[in-house]
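There are two complexes below, and they share chain A, which is joined by chain B in the first and by chain C in the second.
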Partner chain A sequence: MNTTKGKVLNRYHVIFLAQSIMIGTGILSLPQKLSPMGYTQSFMPLLFGVIASLTLFAMVWLCSKFPNDDLFRMNEILLGKWLGKFINLLVIIQFIVFSAGIISNYMHLIQSTALQEQTITMPVLCFLLLLIYIVSGGIKSIARFCIMTFFITIGLFYFTRWAIEKGDPSHFLPLFNFTPKEFYEALKQGYFSILGYELILFYFPYIIDQKKAFRHSLIGIWISIFLCFITTAISVMYYSEWQLKNVEFSVLNLFKAGEFTFIERIDIIGITLWVFLILSSITAYVWCAKRGMDTFLKKKKQSYQLYIIALIIFFIVKMPFSREFQEKLFMASNYVGYVLVSWPVFLILIYVIRKKQVQV
Partner chain B sequence: MKNKHLCIISFLIFVLLTGCSKKELKVPLEDVGMVDSMAFDYIDENQMRLTVAIPQYSPDAEKDTQTFSITTDLVSSGIVEIEKQSDKKIVFNQLRVVLVNEDFARKGNVRKIVQHLYRNAEVGNKVLIAVVKDNAEAILKGDYPDKPSINFYLNNLLEPSINTAFNPNTNIHDFMYSITNPVVDTVLPYVEKRGEKLEIKGVAIFKGNHMHEVIKPEEALVIQALSGQKNLAPLHLDINAGRGEEKVMIDLIESSVKKESNKNMESPKLTIFLKIKGTLSEYKGEREAHLFTAERISDLEKDVNKQLEQDISEFLARLNKTEVDPAGLSEEFRMYHHGKWTSKKTRELIRKLDVNVHVETSIISTGTLK
Partner chain C sequence: MNEIPEQIVAKLKQEINEVDDVKLKMIATEEGDVTVIYFSSLIEKMTLQTMVTIPLANNLKQIHQMAQYLDPKDVKGVVKKLNAGQTLLFFHETNALLSVDTYSAPTRAITDTETESTVIGPQDAFTESLETNISLVRRRIQSSMLKNENRIVGSEANIKISIMYMDNIVSHENLDDLRNRIDQVDYPLFTDISVLKQLIEDNPLSPFPQYYMTVRPDSICRYLLDGRIVVFMDNSQLAIVCPTSFFEMFVSIEDYYNRWTTASLLRMLRFFGFFLTIMITPMYISALTFHPEILPYELLLNLQESRSKVPFPPLIEVLFIELIIEVLREAGSRMPAKVGQTIGIVGGIVIGTAAVEAGLLSNILIVLVATSALLSFLPPIFLMSNTSRFIRYIFILSAGLFGLFGQMLAFAWLIHHLLSLKSLGTHYMTPAIPRKPNDLLDSVIRFPTKYIRSKTGISKVQKK
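Here is the complex of A and B:
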């Protein structure tokens, strides 16, 4: 496999890596996360898109200064060996917990809607096996999987047509009807639905056309943002404010509005296809965690780290702690995700200060 | 060599581990009782009478529907009680109709039971809800000799059809949507049992969480038209325009509505433009012999407009007096109001609301006979 060395990602890979990693479980509950803003939420994803574009610019700028190194190396170069290694360790833990959070969230969804009479052990195991299979193919196989995911799942948008028919466009008015506090709440809770594009910090060295990487990633990001925007807009039209706040997976209930005589529950189709979206985002995170673990090892080209990561994820998902602790842990990892998004800005500052010493 | 050992060991492990697996308790399809209809009757504040109807497919059974009734305080504990009587496992995947009796709608907490079903992921979105006069249990247990079974009958009766287009066809989502939305009051079809037949007598209007009154089908049609329904039921009109008593029946083909508010909360004014297109299917009155030219028809259109404007205004004035808003008229004001909207605001607004109705009828044909 031509995965370990050399540049492997062409422009389509870059576009869909950025696009598919962003869409995971987040979009399922995005309308609910944004509900503090009530009906005005529909335009929030566009604002998120602007923020994402700005932070992406910082990331790509930083990466272009180190065209052959990922964030783990950059940390070590810019912060010194020991501090850099420590930060790297935190990043790895963050990625593992974050992935476990997404899986746990998805399994919780499966258990509450589709398989009410089963435990989630078997599904989690099958899921992790698939995960190992895709990740061991390297970043290129992940990128290919992302492209496939996009074209398989995009058809789901057809199932929202009944909700559009029933919805009431007058809900969009009045514009900008919120207080600063509501806005802050929605921003805080909603933004991690679109996290994922920051992984370009790790796969940047593999991109063939690095000069255009910014443009390609931007296309990917705005595809996702547009999908999020459609989702929130339809939800706003279809639901009352109470429903926006209280229906947990509002996108699935949008599918339920469907009226096929031969299918009772279209949402089940949605949930099962969603596994692609979950896989495409988690594989990327796990791949990054594996890369991070590589930097700690003397001997490169080992593959057992992947199995260790999978095991850790399994134990976090199935851990015998209370649901409350789990929620708190995953919540914390979400907030750490924000730190990671703004981390490049911090590194840029250091880079500017230490420019002379770290010239590569 | 090493691989060979590994293979043998893992083979042995897999064989031996099967002994540790638990016996799965899966219910086969024949033993699942899929509830088609549920009925709730009011007993007192804490108690209700829950009835479920389950289709019986066994050819040996005399009746094609199983019904179970139980007195309970919670829906799910009632279902557990019913499972004790039933030979099957009760599931809600095929639930189609929920009936509540009028007492329950007026005094009980309909929202709570519907919310319970809405929470349940098994329940689809096709569940239709209706209010029943007197006793809902009697409807499910009644005999309808010329109908296949009560489940089919009820479902088909409540489903959308052009002649009962005044029926709001409230499903579980619509109910939750309208009862939680401060700008609109819930409407449910109102069913009455007459001997061996069921009849949709009108529409029950809610005020907040409780039923307020029952209105006639003609009035319910107005609500449907004002809330933007495109296809409406046939319209029956009595015209009194100085030419004696005239009766007109118009098959409505299309209607469109436009609402304009003056955006003022203190002295709210709303202008409604209603356009309807239809076929004149029957006429009885003085002009019967003259209705052949386009001119005469347009005269009749004008009279119909006037009559409709008058009827709708009267009806809305009556609703506004009682502060209910089933057509969602206050949405036109919420759209321009900054800040939080509450149902208290809707009530205040609707009481002060001054409605101005303009109707434009066009009769596009009178059939094929000249």
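Here is the complex of A and C:
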């Protein structure tokens, strides 16, 4: 990795980094996660967008006070050395488990639809090799890969055209047909799908134009929110309420509605192209975990920590524990993700208190 | 100069001891004895007569005016000049050592190109002589801003290379970078400039060529005015152009002579042909081995019918026939012309048809493989079509391992690899990423000539 603290990310990199990291496996089951709300779930992504923008504002405000430090350094500065290092260790573990969760989820999906006769060991290994190759290029190569991913996979949206044709727009009404309890459930489960923009806390030092970073990340976030919104809108039109609750991976089933003359099942192409989106999300998380490990190790040996992280991920995915334990672990890491999103608010309070202390 | 003339000549004779090509002659002139030393294989008799023998006899002043004075103590330098085809004249009376440039080895005449032919446009091509090549460029760009720098490379062979560029357009950073790289190369012999190219590339491990190579002078002149740097080598027909980008590997100079609609169509064909050729046969393998449900019913029936007698799984079948086609191609290009004609018949008809009849291959597959072989020849740069052959095997193997998922993984690897390549510091995927809007007018689609000036983004030209 050749990232010296030079500024390498221009505005397109920032926009598409924020956009690509958010779209991972989350969007595949988004309609199911929001199903407590029933048919009125289509405006939930917009609400998530508003929440995301507010939390993003807190993050960028905090980062602009420390223009050359990422979150790991900020933790150490604001919380003291030992507590900061402890929190950093937790963050690294969280990222590793979260990435392993995404990979495990995706690989099981591939196994059930596309590759029915194989165990997932070899595909996971090859996937991790490619991951190591991309992450060793640094944040700029990840950003470039995200830009290419966006243009390659945006074509998938054309495949939802048949679902729109067969769908029924009357499902949208009535509009406010939910209870606060359902709303809370959907909010809690659905917000996982758009986690990812908090990584700006880690690549902020590399952005060239830091004053406008908020604007650019916001553009990226709203592109993703818009995509989520279209997805939920189309699923609401196409599915019935029972289906929304029980069909897993609703987006893939939307693809099944497609009919071409020369290809029967487009969802297989859709699911295999999805690997680009998964890669673009996970490479960013693994890069952050690697940066975290860098702060713990004094000598800047280039690449062996990357192999260690990949090995840990491999073991978590292939753990001999039961599936339920894995599910619980990954759910836990999702909730910790929420904590990470609200962490900057906590840090801002500490920063403001410290400043007052210094002034006083 | 205290040494006796004979000692100096004796030292020279020692250096060129067993070289029977070297002729030594003693000629008596008005100014005393003169020893003439030259390589008879590098100098034509007429040149020797007009430049050396006749002036020595009649008009010594001409020699003194035209010749270069050398230091007799620097034996190595003197021998280098002798090796380069110059005639040494040693005047015994005054102990002066002169050299006259008489290099006139036979060269090939300018013919048309067989490897990069076009229908319209100039048909001349570079030859192996450096002087001829430079003259082919200079007659097209008649400007004193066209600089060329000569250098010698090759520690044992001492070959001349020439770096040409337009001084008012080129980026001097690129120039310095290139000069540094060439100066650091340490290799005994360069039989062709492509050997030098592999030593000065940014990423020698990548399958993709990072500099453009061509034998056409009109191409070279176009690139020179775009602000690129061109390197010629003596005894090498090709010239390399740097920096370059991925999209330029699909550009033929005839695109600029055709109208913009034809040119755009052909470019899109080449570009998508590249991606099709690496996807068709792997799709066959993954559809038949892992995802038969992806094909519509009639096509599936058709495929199963043609594969009904084949005993191998699709991966082995495809590898088998791809390797046969590679063997045909390679053997066809290495065989002498007379024997090579039979290869076409043996390969095409016998192996193809007979193998299908015998039930070793399916005939749909032969159609696919033949199409993809044809498509792989679309890029005008030979190195790029070789690259697509290699990459196809990676895709075939990954499709055989994991089906469509493996193909997409390989595709992600390809995209990432292309994004991380650099050509003399410029990103390989310019003008797509990073975006240079001016250059986009001339990449996959070619806009009318009125709107395209030059590709300023790739070569980071100087701002006026």
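Simple rule for what comes next: the second predicted complex is superposed on the first by the 352 of 360 C-alpha atoms of A that agree within 3 Å, B and C clash if a C-alpha of one lies under 4 Å from a C-alpha of the other, contacts with A are read in each partner's own complex, and residues count from 1 in each chain.
Throughout what follows, a contact is a pair of C-beta atoms (placed from the backbone, for glycine too) under 8 Å apart; a residue touches a chain by one contact, two chains touch by 3 or more.
Bear in mind the structure is a predicted one, so any value in this text is a computation, not a measurement.
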Fit-or-clash call for chain B and chain C when the two complexes are aligned on chain A: fit
For A:Pro123, using the defined touch cut-off, is the partner it touches chain B, chain C, both, or neither? Pick first, second, both or neither. second
Could you say whether A:Ala257 touches chain B, chain C, both of them, or neither, answering first, second, both or neither? first
Considering only the touch criterion stated at the top, classify A:Trp82 as touching first (chain B), second (chain C), both, or neither. neither
Looking at A:Met148, would you say it contacts chain B, chain C, both, or neither? Reply first, second, both or neither. second
Let me test your reading of the model: by the given contact rule, A:Tyr304 touches which partner, first (chain B), second (chain C), both or neither? neither
Greater chain A contact set [chain C / chain B]: C
Applying the touch criterion given at the start, work out whether A:Leu173 contacts chain B, chain C, both or neither, answering first, second, both or neither. first
Which of the two partners, first being chain B and second being chain C, lies in contact with A:Leu115: first, second, both, or neither? second
Name the contact category of A:Gly137: first (chain B only), second (chain C only), both, or neither. second
Go through the superposed model and pick first if A:Arg265 touches only chain B, second if only chain C, both, or neither. both
Hey, in the superposed model, what angle do you get at chain A between chain B and chain C, Cα centres, nearest 10 degrees? 100
Closest CA approach of chain B to chain C after superposing, in angstrom, is 5
Would you mind listing the overlap between the chain B footprint and the chain C footprint on chain A? 114, 264-265
Show which residues of chain B lie in contact with chain A when the two form their complex. 25-26, 93-94, 121-122, 124-126, 173, 176-178, 180-181, 331-332, 335-340
Using the touch rule from the top, collect the residues of chain A that touch chain B in their complex. 38, 112-114, 116-117, 168, 170, 173-174, 177, 239-243, 253, 256-259, 264-265, 267
Using the touch definition from the top, list the residues of chain C that touch chain A in their complex. 290-291, 293-297, 299, 398, 401-409, 412-413, 415-416, 419-420, 433-435
Which residues of chain A touch chain C once you look at their complex with the stated criterion? 10, 12, 110, 114-115, 118, 122-123, 126-127, 130, 133-134, 137, 141, 144-145, 147-148, 152, 261-265, 268-269, 272-273, 275-276, 279
